[in-house]
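Chain nomenclature is as follows: A, B, C and D, assigned in order of appearance, with residue numbering initiated at 1 for each chain independently.
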């Protein structure tokens, strides 16, 4: 097996040396005065990246912990929730909402399409009882995005709360928590921020807090409890338990990096890397998975595989022979994913991904792949857009 | 404020440069073949440190996540559980057990004492309905230990399962999972192992697994679920969610370090550091908190403070003026804690802790502290025991 | 300017995370017993990589310090030295030898050719007075190699000492100090070993030592003195001055890495990366600088540039727009260098270099570059040779 | 042997985690545009710490390389140089000056005393031919300082150039290059700056440059040449050879740290640590080596040992049993040195050093050591001076 040279997977992604240096900083006691100050500083920087004035909480586990926590905290007995299912994570949220006690409403579309704002508006018109809409901004397994901006307007007009999984988008794709009326938003550090996996960040609006604090089913005195973080940490300065000190360092570092670069510039960088990859893939004769460019998430390019090869097998072959780690379809379909997340959304990384995918398919006997044409086109696009700098 | 020079707190503790280097290793995709292999390797190394043949699971959050998970998984509706409460964590477990549905039995003693095996045997004789005993091996806030070895024998004889919080002991204090009949044992990496805080390790016996898998109340499809780790990861090789890649690196590193040193040698090192500190503290005129040496945990020395000073205030003063971070009583009492955990259970670190505590008390006007005599005695003890090497 | 993503320059080169971690290890006192042991260990490991039983010395500066030191130490007043000049460094050595007192003999060839063993044999036949032959194994600025193996035989037969600059070859190209009769050999860590620049390593044969110790002009009591290292350090255990502690860590790490990989395997890896690059370059329509494959050094591929573009300008353009750092001709000619040294002699790094060079030339209006054909051919070669693993 | 816990030696010294992180930053090509900018930035920051408007050069080797370089560059044939010899390094400089061609004048005093400005003035009065005065600001092996400020005035009045070894003082002791008329000044990073050993920094006045450039004996085209750095690097932007990239990172980091702290504050911190140590040593019954406090260098405390023990043996014993690395006398006398350099000039590090020395002597049967009284007094002094913060 060739050693790992390139991590172009869909999270965790390669981290910058600066991020890694932060992860290796001396571990200190969580009540050290400098750590207390740092923890609060990280919350504030996270809020900047969420583009929110709401409180942001740092939950001590992968983003899915934060998603479970807020879903449990928001769902009251029998609450009518409209869930938008356009991918693996959206579908999964529907199961959770039901388990946690909601009356589930769902709009589902094939996983290479997106739920349109129009269909949401129409559904709500027919279902005035819906109190909350849950959605996934960027469906990482399939590479599609949801139009949160428009759906946020519709939700506000309807008077519904919004619960948003923005795990793989914040930092690399445009997402405006406050301007878009997003009540509860969860993100992770290991995607477009290029950080460690062990922290889930949650922004909660005042409206959502009123709802949560009044919900007797919301977890309390539990690792799952966001209420504990509010009442113990935010209000009294006591940690509910020992936080992951090193992960906090890593998260501060990636927030610093994106804020120093500028959120707009980071978003543009992700868009350009996606554009280079899509241009190259098409020129190479590959088939993009997403139904259209409009609903393609710029944090990754999803390539539909021919039936004769299997996504996990291809992922393994490319990793083993070329030292390039990509992601497979993770249940969304027979597809390969070249991620553009954080440091990998830069310069020639897309070229590496494209060359590896193209050659891997040729190795497996797939015909009609013009590797040279693909790289040629991708490099021309890269030259045109200024090296994504 | 003086900069932080010494982290002698009761976890997280100072990490070795080697541990920190591991934390800063490149972040990779969790399905990278080398990471998959590494994850399994860490489980095996952890089992060695637990001294068990049982499966060990790496839960992705602070040890309290693992404790909550196993408590929820073990408690069936109305199950009779005997909880031993000799400190803050033992007491807290009682609240949880009740909340999770147990019928609680409790033996409680003052927090500077320990529940004796005899009292457990006596209680069980009168309560044949007890199905599980829960205990805390090392009560970190107060520095006492429970005689798990003897209680394990009693439990086995009675036919009761055991649920043990060994968070702050494994790696530094003697603990034999299998030989002592410990069914469910939880530890963390940020105490005697000197690692990151974000991983809770759990050893589960076959008897306990039978019980858990049959328990309809055990968490499933949840961040709290240890069952998910068994059925998805152990049985099928799929992670229930993205693990904290960097923390796994850190945990492997500290396990390697303790295994290379030798578990016995590490335990002796912790014992010697504790001895040096106790000898010095007594000679200095300080009062040890624990009622006797026998029940003193060697992973930290707890010093009872005079009423005229407050533990948090003292902790802050010592940190601010001398750059030494200690722990306060965390609800267990008015006491200061000098930890001997991992790297701080070594050489002259206890001297630094003692000098800081002694001088801090003198600064606050406490009389009767003979700082010089304390350091003199501690250094003599250190010289005698060979520099704890 | 695009950020730096790829360092494919001809030394210093990109270092592995493991090497960087070693560089960041705690700095200790040079007389710490563990450091003393480590220093001696590094000398021994270096000797393994030199493939020698001779003593190896770690001089505390870039390899050029070691070259100056041994040249000054070897040259006696009026000594007849035959210098082989086939590149910038060979030519420079000639100037030094003269300045240091030698009577210079020189065989010079154009910088894209190599001095043949035959011409050396012929020269010596006509010049029995030659006492030493100096040569450069791998001419880094122009990418050619000298046939040290054959010339070593000729030298031994003639009775001449050999002085060899193997700075950019050891670790990545075949070089057998003892088997080839190489008396004084210098290498650096920042080339095929992928380490720090601050250490020059020197292997000295007994014959050479006899010569040096008898040479009144050899530097003594000086930073330039290799004699000091022998008499003070080797013989008495005293450092002549404080060594660069961190660099020693880095050098040990890269020696460990190459020895763990296996020297043969590393050499093959460098050869394969060079082959992939040459195949791709030719298919792309680029012109290789070296006159033939036989004399091409596998540690870098040199590409002759058309007259209409300038090497430094191209290097800057590629770095600025694509974040790829290559090397220019450094006085050897109008050429670009894609290095295959240490970690960059691996997998798809050559592809990145080729794509950047090809596109850079297209950007500057150069015609006849078929970028796609080049990458296609290079990837096919990479697939063929097993991903260079 | 106990592991190394504390490096309190007289350089290299313990480095901060921030410094170590800098040492571990990715190695880049020395002509990378970001590195070129960084190199120039480091020169400017170094000039700030030298408190000079003169050019500062970063020579690529331990400070002794820079000292040799400037001594060779300054000494013209037969030049009359007054050398002040009050320690090992001053004495050594005299040998070098003679070897390099100077007519040596020397004022020598015992190594626990200092050459007085008065004696220099007197000597110059009698020797108008003296063209340069060479001196060592801080004699690291014996812990004494020279009054460079007053001697600088005297030199200027006399019209003599000054050549100053400030290797172990700059950053931690007051030293004003321009205000004190210091023409050529050398420092290292591995002493009061707490950095790597591989860089010597040199400040050269215009007067000195005129002298050097006119000196035919000054090294040129050599690793020893500071002229090369001026003509190639400063004037033309070409490195004379590959610089030690990682060491430059480390040096920038330590310069940043001292400039962020503030030079004045750093100097005060070193002074306080020395004061704490001296107070403690005296109270413990130890004998300070330096003849008086006025001439004691604040970067280390030198303790005279009784004849019955040997300095190297004591150093080894303390390191082996207690994990504390101190320095021995290095030829200056039978003494132990507890350094206060960079990070070790802080808080309780002096306490560790004192306790280790005191106990080590007791272990060896030395009588009259009152360890407790020493630590008591040192902690009282530390409390008084605010924890050296």
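Quick notes
Simple rule for what comes next: a residue touches a chain if its C-beta (ideal position, glycine included) is under 8 Å from a C-beta of that chain, and two chains touch if they have at least 3 such contacts.
The chain list, named the UniProt way, goes like this: A, B, C, D = Unannotated protein.
The structure displayed is predicted, hence computed values, not measured ones.
Using the contact threshold fixed earlier, the set of chains in contact with both subunit A and subunit B is C, D. Across the two candidate interfaces, A-D and C-D, the one carrying more C-beta contacts is C-D.
Chain centres computed from CA atoms place A at the largest separation from subunit D.
Centres computed as Cα averages put subunit B at a distance of 45 Å from subunit D. Between subunit A and subunit D, the centres computed from C-alpha atoms are 53 Å apart. In this assembly, the C-alpha centroid of subunit C lies 35 Å from the C-alpha centroid of subunit D.
Counting only residues that touch two or more partner chains, subunit A has 1, 17, 20-21, 24-26, 320. Taken together, the subunit A residues at the contact with subunit D in this complex read 17, 21, 24-26.
Within the complex formed with subunit C, the subunit A residues making contact are 1-3, 5-6, 17, 20, 24, 320-324, 346-349, 351-352, 355-356, 358-359, 362-363, 370-376, 379-380, 382-383, 386-389. Residue ranges of subunit B in contact with subunit A, taken from their complex: 1, 4, 7, 9, 11-15, 19-21, 23-34, 60-65, 68-69, 95-96, 99, 190, 196-198, 221-224, 241-247, 250, 315-316, 319-320, 325, 327.
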